[in-house]
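Per-chain numbering from 1; labels A, B and C assigned in written order.
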Amino acid sequence: MRLGPVLEEKIRTLMGSYERVESALIPALMAVQAEYGCVDSEAAEEVSALFEITPERVEEVLSFYSLLQRSPGGRHRILLCRSLVCSGGAEKILKVLQEEYSLLPGGTSPDGRFSLFLCECLGHCEKAPAIMVDDRVYGPLGEGNLFSLLEGFK
Amino acid sequence: MNDRIFEPLLNAEKGETLEGYVRQGGYASLRKALEMSPGDIVEEVKNSNLRGRGGAGFPTGQKWTFLPPPDGKARYLVANADEGEPGTFKDRYILTRVPHLLLEGMIITAYALGLPKGEIFLRGEYTEGREMVERAIAEAADAGFLGKNILESAFSFDVAVHSGAGAYICGEETALLESLEGKRGHPRLKPPFPASSGLYGRPTLINNVETLACIPSIVLEGGFWFASLGSQKNGGTRLFALSGRVVKPGLYELPLGTNLKELIFTCGGGIPKNRRLKGVIPGGLSAPILTEEECDIPMDFDSLARAGSMLGSGAVMVFDEEDSILRILSSTVEFYSHESCGQCTPCRDGTNVLKKLMERILSETGREEDYRALVSVARGIRGRTICPFGDAVSMAVEAMAVKYEKEILDFLEGNHG
Amino acid sequence: MVEISFNGHLYSVEEGSTVLAAAQKVGVPIPYFCNHPLLKPAGLCRMCLVEIRGFPKLQTACTTTVKEGMEVLTETESVKQARREILEFHFAQHPLDCPECDQAGACLLQEWLYRFGFTRRRFYYQRDRKEKLVPLGKNLLLDRERCILCLRCLRFCDEVLGRHLLAVTERGSRSCIATAGERRLETLYNGNLAQICPVGAILEKDMKARVRNWLVQSRPTGCPLCSRGCALLVDTPKEYPYLAHYPRLSRVQADSRREGRGGFICDIGRYTLKSLEENRLSKILQRGGEIDEARMRALLKEKLAVIETVVLSSWLSLEEIDEALLLFRDRLKLRILSWGRGDGDGDALLIRKERNPNGTYLRQRSVKPLVDGELSDPGNTLLFGDFFPDYPLFAEEIVRSRGFKALITPYRPSLKGEIFDLVVPVCSFLEKEGSYMDFQERRWRSSKLFEPAGGTLREGEILSLLDGEGGEP
């Protein structure tokens, strides 16, 4: 997708807020993702043009960081922590997600509401098991409250 | 003078606002610091025996002396808020409940070492933390604690927040710098160290959030006071993030040297349903696991190092008899193979081999020789990599595999029994 | 110079060099992958780990600078074990492609395993699959399974070409070398990536499954395609019956061993030398037909007395130019001009605008170029035209001139109509030895790589022919 003038302006502002322009690259990509839910190759190429760097520079950063997505998914992104303390509970949550939402890791629910990704420690281990939906982390989650949490997301 | 630094602040009403922070005595330390000479501040930190709270536990005062004297050109202070070590959530509390404590610590540190610009590298998942810190920065700037001529002194300091994008390795200092510079988080070869060549190649000090958060109290009450709170050469209290099989998981501030059993059974309320303790990882996933017999131990850097483990990030994860060592191992191996940056062969290929071996062990075809290979491969990564990530996976996996050998071999036998 | 020791033996090594470079100079074997003389040390592959007294951990020899009194140990048990285990890690991932891999016989992974490796594998499992025939760019293929992520290719683009054209994508063991999207490498230096790759990951498409490395021999020569004269290694097949119909020029590579000669070449030099094998002239032509050597001698002897202009090719060797000037200019006092291939686009790296190997020498010998419009009619002309046959159209004067025109060349002229009265075949650049002068006035020598193709003479023979006939003016 094309960036559009608003996003372009946002990125230019980011570029100006850093001492060195290149430091704004990852925040710029996160800004694109905040707008469109992902950074596809067209957007990546436009970003590379804005920064005057080769598209390879954008590609290598885009593919390194777990929070950056290259293809669109559901309207809401679920990150399910599978690290040590959460790992036992995560198995149960995975089952619920599969049964109730037909959601598998890496996939999108048929109704287009959710995409699911497994992630590493979210830093909410005292509230294990934890998940991140869009911008916020929630926990502890179990079969009891998981459903009601997710139903709040359209 | 009480002997808890964080507790009152974390529990204070509206502690996240400037108003609430000041009501608790916030920014008094900064005022005092600006009356002191930078050299005296460094002295206090040295006397405090404060050791890095991020994981490495390096004496902070000593680390501060690695910076060259200011030369009129750019120098940076970076707060490492990437908190990715599994089990760790202490910095999250500081960032969300008392962000001004971090700011005050940074400002004092910057004053002591002549660092005019600061960056807070915050992991991308801590969105709430980002909001709180940005609000605190705005409040502090308004109040004259940031910006030009702070509190009418000659000292100026600016700080900005920069979010990571989901890579554990960016908690490593030089990988963090690479990420800040808009690149992949590939750790750099050391030497040179960030103190001489850091952000944009300039002298940079990187400290963990909790480390910086200790600075105000050290300056206000004195280094020796801080040192006296802990054990010998391990000054102060620290925030222990307790999770796993305990009745009351959460954040607990305790003096360094507190016995691990006290943390688990007194503070944490013990293990649910009185199940048997199986093992404890005492300092984040990278810290070698302690068996039940090894858990009667003071929680400080030196004692744990002597026991072959480490205090690390102070993240204490408790396991009981319901937890299978195979699941613990499997989760650990998954984590490291997923988070390896991929630069150097031993770690990149070694963690993948570990993952494959674990899959084998867990499958019907798992044999004892797979277990033996696992231990050997884990050892083969150590000491041969560019950065400590390789050593971390090596030591963590080896400890789990070797200390619970019987359980693993029984499981493998059970496959064919 | 500083004094260091390798395994207890003292050596004097160059100050400022790395331990690895010093070891290579004095002959102490240390394995490596990511290190390359063209590139900054990276310390990525960890293969060059050695013990250095005073350091608790093993150190990478490629990133450690020598210091006076340094004691390096390269054969301790700890070093040997590190090498074995790191190789074991490589082979846990690396596919068993040796039987069909074009790099076999010239592969660093094979070499180090052979010398430093292990024989029994301790673990077996299904390797990760990655793409194997990724088109990377012009004439380049990438096999991601074979790639050991030494990043030589990426670093070459960054450091030598100055452009970030390759990326490492993904993370951990899923890392791959890639371009962005559908982009392909279209530089004039693509071939160097195949050459610099230590394993069979980046390969030249035109060499895929062509010939085994041990069936060819590499011989040095220089590149005549511009005035830089880069050092080349030309692969020619050895004498084997089943290679009898194999082209005699198999592959061209950069010769990195020669001092001060860069160590990399452009694709023009790398790939167009093969074209010098085509369109060869094998018969002596006289307007419309062929004549034999005796008739040619007679004709030349007859015409020599009336030759007015001699045009020398800037592909002639230094020795041939000297001989020709001695005969035609000094003794016979004829008008001498020079010509060659037309200029092309130069770049900031290697490619010079002047696309001839000896233009500098001709200028040094004060030979003026044949330039359109300067000469109204050259009259009877003898032209040495043995430059690469992308014939610029002959100068209008030559075309229009009614005088006798003879062309001495290795290549069948592609003429609009028959301009020349006589065309004599001679050896190509690859078939004769000679000296050349590059644009910095440094001399280099070409090697005689092949015997002359049938029916050709050496320019020198022509000259001595004419010399013998010429006699007194």
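One rule holds for everything that comes next: contacts are C-beta pairs under 8 Å (C-beta built on N, C-alpha and C of every residue); 3 or more make two chains touch, one makes a residue touch a chain.
In this text the structure is predicted, and so the values were computed from the model without any measurement.
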item	value
Distance-maximising chain from subunit A - centres being C-alpha averages	C
Chains most often in contact, by C-beta pairs	A-B
Averaged-CA centre spacing for the pair subunit B and subunit A, given as whole angstrom	24
Mean-CA-position distance for subunit C and subunit B (Å)	54
Length of the line joining the C-alpha centres of subunit A and subunit C, rounded to whole Å	49
Sites on subunit B at which at least two other chains make contact	167, 184, 338-339, 341
Multi-partner residues of subunit C (at least 2 other chains)	168, 170-171
Interface hub residues of subunit A, defined as touching at least two other chains	60, 64
Touch list for subunit B against partner subunit A, complex	74, 83-89, 91-92, 117, 123-128, 160, 162-168, 179-185, 200, 241-244, 249-251, 281, 285, 315, 317, 323, 327-328, 331-332, 334-335, 338-339, 341
Of subunit C, residues touching subunit A in the complex	163-171, 178-181, 183
Of subunit C, residues touching subunit B in the complex	43-47, 49, 57-58, 63, 82, 85-86, 88-90, 92-93, 122-123, 125-126, 128, 148-149, 168, 170-175
Subunit A to subunit C touching residues, read off their complex	41, 44-45, 48, 53-60, 63-64
Complex contact set, residues of subunit B against subunit C	167, 184, 189, 337-346, 348-353, 356-357, 359-360, 369-370, 373, 376-377, 380, 383-386
